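Just dropping this structure here.
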């Protein structure tokens, strides 16, 4: 897009005024570009350029473009407004001028045009150099230099050993070792209850047969085991049981 | 030595820039009718015979190639230190502890499949070698460690590897058990405190 | 003429075989520690200066390319590199002559916004790269040219950019503000000297 319209202009910089008006404004890359193009038609060194004349040209150009009902981008109009203001300032008597002075504004514009022009010419000179693929050519079929990357693998003995430990730990069937708790086994309860019943024919609460202990867990275990043991002894006819009410004490004695 | 003429220079440049070997006719078309291509080729062949590049003819086509005795500059090795991946480390450990061992056995012990690349890496490192086949159905390849493995890791023999008891003593074997136990303790504590609240 | 040594031959072969320009270090790595690469490069540059192929330095990298005066022979039937748009050409010139330079600075010179595609085209060509950020509010990205830019346009270094010294001397690479300040200083100097003359 830019290339085509840009070349159009560069190939024909001397087109007559009327013809140039028929060009789409898109042919310029912004107002500064258009100003530079107009400046070049003054055919003087940019340092000698008459900014006032340039402003006149730009404003005339925009007015003509409007008359031709061309679409004009906003930034061109902004530049036109600014240039109109600059022109009026430049025409005013010096005493009435404010800061920055119109001369400075004009000088700034001139400096910007110089810079853009310098880069445009530099770009053209760079493009005109002996370019690879156009003026000079590289080797068509280079063999290429291959770097064969050989990995130097690193590992420490510790890595191997700890990895093995982790595999074993991860994959061994998990062995649940339940810590030994203080419990009274059923066998122990049977033996104990039977032995203690041998000494008494009086009714006594089951709790009274339990061993003394500060361990709640052990006491609970002893109670449960002794209860089952009492039932077993009753089944074997070695003990009698009675209970006055629900949740009342379970009474035990040796059969008469 | 032949004088360098523009004819020779243009044939030289044409052959240099060509993407494939050129016939004499190809060259003639490129450089134009007036050039004596054959003499230019002869002059160039002579000139380059002593250099690092030669102009050679292959099946009536000419091209430049690097001199055969310079092949070593075209291929060079560079060693890059790289850390062994987790999978490779584990696989190496299993081979070291269980050798000789088949791939299926490694996977069974690891509990995870291993990719072909993992064993390749270990063999490339020179630490593992194929050690025959297991005489079972399918005759799977079995792997073992190499002397390079022993020397790299500073081991006299595989017996120097710490045994399971050593690993356990070093705390390398029981992270899972310890965690489980800790969990059980927590649970019983909670139950008790719940009972006490009653 | 320099005698052809194996050192020269190996550097020659390396540069010939390389797919891209090589730094002196690249070459050293290819040919080995013992070779005096710099002297070999100098000898080769001399030797090839008269031939159809030249050894050239571009941004501290060396490569062989065809002699520019052979362009007419080689250009035939080859596609020209795609022509760069005016916007891209100017942008490239601004980056090359001002580097490193921010997008806003490029736009200030061109007096128009850069369309997104313009910088992309230059980066895709490998001529321009982001070169960090300017430590000013907003931390804008700044752009610079690459070694590929230098080699593509046949520049040994940025100092070879056409007219660079003249542009510098004329202050045309300075921002407008700086130029104005400099001019004011000059003017006041002149005024002062004028007053002194009175």
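When the chains are written out, they are named A, B and C in that same order, and each has its own residue count from 1.
Keep in mind that, in the parts below, a residue touches a chain if its C-beta (ideal position, glycine included) is under 8 Å from a C-beta of that chain, and two chains touch if they have at least 3 such contacts.
Chain labels with UniProt names: B, C = SMC-Scp complex subunit ScpB.
Quick caveat, the model's predicted, so the values are computed rather than measured.
Student: State which chain is most central when centres are taken as means of Cα atoms.
Tutor: Of all chains shown, the one whose C-alpha centroid lies nearest the global centroid is A.
Student: Would you mind checking which chain's C-alpha centre is most distant from the centre of chain B (SMC-Scp complex subunit ScpB)?
Tutor: C
Student: In whole angstrom, how far does the Cα centroid of chain A sit from the Cα centroid of chain C (SMC-Scp complex subunit ScpB)?
Tutor: Taking the mean C-alpha position of each chain, the two centres sit 35 Å apart.
Student: Round to the nearest whole Å and give the separation of the Cα centres of chain B (SMC-Scp complex subunit ScpB) and chain C (SMC-Scp complex subunit ScpB).
Tutor: A distance of 39 Å separates the two centres.
Student: What whole-number Å value describes the gap between the mean CA coordinates of chain A and chain B (SMC-Scp complex subunit ScpB)?
Tutor: 34
Student: Among the residues of chain B (SMC-Scp complex subunit ScpB), which ones contact at least 2 other chains?
Tutor: 13, 16-17, 64, 66, 73-74, 76
Student: Give me the residue numbers in chain A that touch at least two other chains, ranges are fine.
Tutor: 137-139, 143-145 - these are the residues of chain A that touch more than one other chain.
Student: Touching residues of chain B (SMC-Scp complex subunit ScpB) toward chain C (SMC-Scp complex subunit ScpB) in the complex: what are they?
Tutor: For chain B (SMC-Scp complex subunit ScpB) paired with chain C (SMC-Scp complex subunit ScpB), touching residues are 4, 8-14, 16-17, 30-32, 50-53, 64, 66-67, 70, 73-74, 76.
Student: Where on chain A does chain C (SMC-Scp complex subunit ScpB) make contact in their complex?
Tutor: Within the complex, chain A touches chain C (SMC-Scp complex subunit ScpB) at residues 1-3, 6-7, 10, 29-33, 75, 104, 107-108, 111-112, 114-116, 118-127, 129-139, 142-145.
Student: Applying the document's contact rule, which stretches of chain C (SMC-Scp complex subunit ScpB) touch chain A when the two form their complex?
Tutor: 14, 16-19, 30, 63-68, 70-71, 74-75, 78, 80-81, 83-90, 92-94, 96-97, 109-113, 151-155, 161-163, 167, 170, 172-173, 176, 179-180, 183
Student: Which positions of chain A touch chain B (SMC-Scp complex subunit ScpB) when the two form their complex?
Tutor: Residues 137-141, 143-157, 159-172, 174-179, 216 of chain A touch chain B (SMC-Scp complex subunit ScpB) in their complex.
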